[in-house]
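First the structure, then my questions, so here it is.
We just call them A, B, C and D in the order they show up, numbering each chain from 1.
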Amino acid sequence: MEKPVTLGIGVIGTGNIGTYHVDRIASRLSGAAVTAVFDVATERAREVAESVGAATRDQDLDVIHDPGVDAVVVASPGHLHADQVLACIEAGKPVMCEKPLATTTSDALKVVEAEVAAGRQLVQVGFMRRYDQGYRQVKEALDSGSIGEALVIHAVHRNPSVPESFREFMAITDSVVHEIDTSRWLLGEEIVAVTVRSGKRSPHALAKDPQLVHFETESGVLVDVESFVNCQYGYDVRCELVGSEGYAVLENPMLSASVTSGGRRTTVPADWRERFDSAYGAELQAWIDGVTTGRYDGASAWDGYAATAVADAGVRALEEGRTVAVDLVDKPSFYAGR
Amino acid sequence: MEKPVTLGIGVIGTGNIGTYHVDRIASRLSGAAVTAVFDVATERAREVAESVGAATRDQDLDVIHDPGVDAVVVASPGHLHADQVLACIEAGKPVMCEKPLATTTSDALKVVEAEVAAGRQLVQVGFMRRYDQGYRQVKEALDSGSIGEALVIHAVHRNPSVPESFREFMAITDSVVHEIDTSRWLLGEEIVAVTVRSGKRSPHALAKDPQLVHFETESGVLVDVESFVNCQYGYDVRCELVGSEGYAVLENPMLSASVTSGGRRTTVPADWRERFDSAYGAELQAWIDGVTTGRYDGASAWDGYAATAVADAGVRALEEGRTVAVDLVDKPSFYAGR
Amino acid sequence: MEKPVTLGIGVIGTGNIGTYHVDRIASRLSGAAVTAVFDVATERAREVAESVGAATRDQDLDVIHDPGVDAVVVASPGHLHADQVLACIEAGKPVMCEKPLATTTSDALKVVEAEVAAGRQLVQVGFMRRYDQGYRQVKEALDSGSIGEALVIHAVHRNPSVPESFREFMAITDSVVHEIDTSRWLLGEEIVAVTVRSGKRSPHALAKDPQLVHFETESGVLVDVESFVNCQYGYDVRCELVGSEGYAVLENPMLSASVTSGGRRTTVPADWRERFDSAYGAELQAWIDGVTTGRYDGASAWDGYAATAVADAGVRALEEGRTVAVDLVDKPSFYAGR
Amino acid sequence: MEKPVTLGIGVIGTGNIGTYHVDRIASRLSGAAVTAVFDVATERAREVAESVGAATRDQDLDVIHDPGVDAVVVASPGHLHADQVLACIEAGKPVMCEKPLATTTSDALKVVEAEVAAGRQLVQVGFMRRYDQGYRQVKEALDSGSIGEALVIHAVHRNPSVPESFREFMAITDSVVHEIDTSRWLLGEEIVAVTVRSGKRSPHALAKDPQLVHFETESGVLVDVESFVNCQYGYDVRCELVGSEGYAVLENPMLSASVTSGGRRTTVPADWRERFDSAYGAELQAWIDGVTTGRYDGASAWDGYAATAVADAGVRALEEGRTVAVDLVDKPSFYAGR
């Protein structure tokens, strides 16, 4: 009998996150196989490709144009994303782009304009938290009306440590960008202003850290985000959405506890893989399903553009020590309801 | 380029759990496709098969012998399991059998003997809790030595309600059988005696309910299990493993909380699907992987046999109102380390 | 102006718990002062008395008959309790007797009979858990009807360690006697049968430990109590009351958490003082208030008698390895509503 | 025999908090009795006085100078505090002043100067949270070094609702003033700058609410406080102290849970009495003990001055929409170690 058709996936970038996606597509998801891979680190690309029976290509465009590639995962360095996504749109191939969609607002806008011109949705941006069950419960609590109307969000985003190459603006472009997206998604409205504060530096930090980032949204919701990339103890992402009648709060998943003479102990996630593994899996499976059906429920190119614009404003707020307004173009009607 | 080989899976039984497995294999797991399906409810079988592009077969053996079937999932009524699993062994096809492996100890033993005679592992029994992250953490706490040596297990197994056809012995053969397996697996030793007590009956129950089931293991560990199949409020599975230096406890997964004037509220799983969805997924993916590699890490035929023998003793303990000893045959060396 | 009258309290026994009460009356409660003290350890008694400005007496009866003593706290060894309480009744002086009321059922019954003969309530038994806010919340949950009718209680009572003089029956007479009282109080009915099981012994234990004690009540509620007096890690008292529509559960009080690379840690109470300090305070203040008003809301002599009778049955159940029935005399109408 | 001496307490102000203190001194604390009472609401004052056997006086100074009054509790409206406390100092009588110590920084400074001139500690300010077990555990976690050096504090202070007379600056002077004190006390350093932000107003609020108040301390620790006085659902005070190696967090006390088909429910405190009843009791008992010994461990006049100065700056920050610096006089050596 006929076996079901398997979607061919091309993967650009085989660093940590790219390999993570390759492995998952090959061994834990349905309906897709990695068929072509590219990375400038050719040896690494070859190892990853071989481990899943995929071919290697000489450059990113070769992956995109490969006839065995039905859809593309972009997991390259961020400054390359926009061009690669634009090439996918031009080739008419669905693309799942890791955050950020682009490193400049103008580049992100080009993607939006290209997709609108193409007339069909081809781009999903990898804001995986939208697939996290806990975040979904927080959103459901708000959408159900039980906690009233949203007034404030308190968020915490902590990483145990960062490499020496880390620069303080990356706390905004790489870490807080997730809170930018979750805030917009939870609230269903745009962020209009950003302020960044920092104080005492952690003795483990080489740059300002922790930093407190404050957003204000169109309707006046205040969002606090603590970004702390050298917190030492684990990977800790939290979110409390305060409404006029109550609040909903994301908890660190806790499956068991152990009690000894040292007290009652539960674990804290070690890193983003442990914390969001299920969300990454759900995101990628939903995207694979979406490639077939043409319907996507993840973050759109517009979401990627808005996140980039807010992050840009945030970097300026950090550098200039003042509140910076976010200026977005009018949202194309194409994105209504996406 | 060559797409990876997809394993053909035959599924016997398309009731709740069978359909659950079919859907997952088709849409959420890697490396397998459902190719043939059988159920005595032929219309239902046809619908399920069509939904995933599989064929229907006229009887269970036809599924097993189908050349497009590389491995079999048995999800039929329990009294048919042993014969179907024996047929799989005879056909040399790996089989994942939903619990119970058999409804009588002697039938379960026949499966063990047949597999030993076959000389290679073909049978995995569907005790999915072994793949639950929370249970794994409890086991790790014990295995790490941090809580000392095991002394007592307290377990709770509650279902919101049961159909009218439910009989009180089923609390043992269908519900508590999971605690039989988890206790054996956590402790790494056999259960040697069973006692059942019941008292005041829930006004929602048509038979004795709740029931308290007590096990004693080879080394003297005492295991308490509350089985309550009409608890009304949700599906609630808990386990506290008490050691000489501390204890480890399974918690209900909690991802978010919502706070209103009614207090702080977290959800309780509605049913086994919600609670153990991830475990079922991990179990099935691991089994599919195992079919390829020949290495399985789930419950073996021996585990299925031992669970059936303890459940049998439990039913007698319930009927006769006394402590009943469990008599197992000597464990074949074939199962050492499985 | 006139200062309010202070009640004179005599304290018999200045061991751990006696001194604990003396200190509290002297320094943290209202309306009473310790005026006379006796202990066979005369030096210790003198130190305790001096620390609070009280006198020492040469024997227990001298405390009871002291004109400066308005009411008596009995904190002597348990086998002396009944005679001392009887002397208080005879002297017409209110008495707060630490548990147990007596070490034999017949002695406890004598106290009941004497109080009934006296015609007014003079005796309160020191089951302090009735004043614990957590236990009160569990009782309120049941009494409110929200969890339906009571069906099962699961209780845990763990102590870090016990002195060498500890004998295994003491687990019942000294530890589980608290669960006897809380079960009767929560459910508002008597316990009719007791069974004790033990299995693997903790390597830290000199006698059977842990032990599982099972009660059945008049209406058929099943009560499980794990007594573990060498649990090493802390003092841990828990109680889950399972009803036909839900359950209520006592938690270990948790006021803060600390999170480091070792995970999230909360404390476990070190001992009964830490866990029940507030309950002891509320109990003693309520009793002092009751001495003035003549109205008591703590455990009565009847409660002390019933607890002793159940504990007696439990000791026999332990020694004889069988279920032992509890035979209580008819409850005097004097105790209706107390 | 001689009964112990009871301290005579005068209470100025018999509103909510004054009556709360009167009742507690009379019925739940040791070593003191309320002897004289004053309130401009003379009828209310009479009722309160009679309920505890105290006398009423015609004005505040009469209470202070009453020979039966050994020490004074000031629970009048805030703008009267400074003068009443100054009168106590002049009379050489210890005084426990409810927060705030004064409503202007200059008045608070007068108290400090008067106490320094008096040469002995007479003033304690009613920041009761310093006696809350949860806050003490957070402080211990920091002081122990286990969470490293302090970097950030996140605090939440929510009240269910406020009377119509509430004005938005009161969120700072009446609510956040507690976080001002706890931050100073936890960190052991002064606050140097304040900023206030507000956004979308709760539909239940008549003034800006919620408000986000930000402090910076001498060493650069950043403190976020959400003040929300119309949160509807309960009284909710939380505090997370983030250090360089981990964090410590205050939890809402949770003593029991109840689980029904609506989920798992725990209570949220209804109001400040429920949440801080134990802390108020411990504070008042410690102060009474301190009157005798001359040693106090609560908030000093300096703490009251600093809190007033920061609150003043906060009100200006609110009104002027900018960051306002806090200018304190040099701390007198008198307060070293207090």
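Simple rule for what comes next: a contact is a pair of C-beta atoms (placed from the backbone, for glycine too) under 8 Å apart; a residue touches a chain by one contact, two chains touch by 3 or more.
The structure displayed is predicted, hence computed values, not measured ones.
The chain with its Cα centroid farthest from the Cα centroid of chain D is B. Set against one another, C-D and A-C show the most C-beta pairs in contact at C-D. Centre-to-centre, using mean CA coordinates, chain A is 44 Å away from chain D.
Work out the mean CA point of chain C and of chain D, and you get 37 Å between them. Averaged Cα coordinates give chain A a centre that lies 57 Å from the centre of chain C.
In chain D, the positions touching at least two other chains are 232-233, 245-247, 259-261, 267.
Residue ranges on chain B touching chain A, taken from their complex, read 1-4, 6, 8, 25-31, 33, 35-36, 52-55, 68, 132-135, 137-138, 141, 146-147, 245-251, 253-261, 267, 278, 285, 289.
Listing the residues of chain B that touch chain C in their complex gives 148-152, 154, 156, 197-204, 210, 212, 214, 216-217, 219-222, 224, 226, 228, 230-233, 242, 244-247.
Here chain A touches chain C in the complex through residues 160, 232-234, 236, 252, 259-268, going by the rule given at the top.
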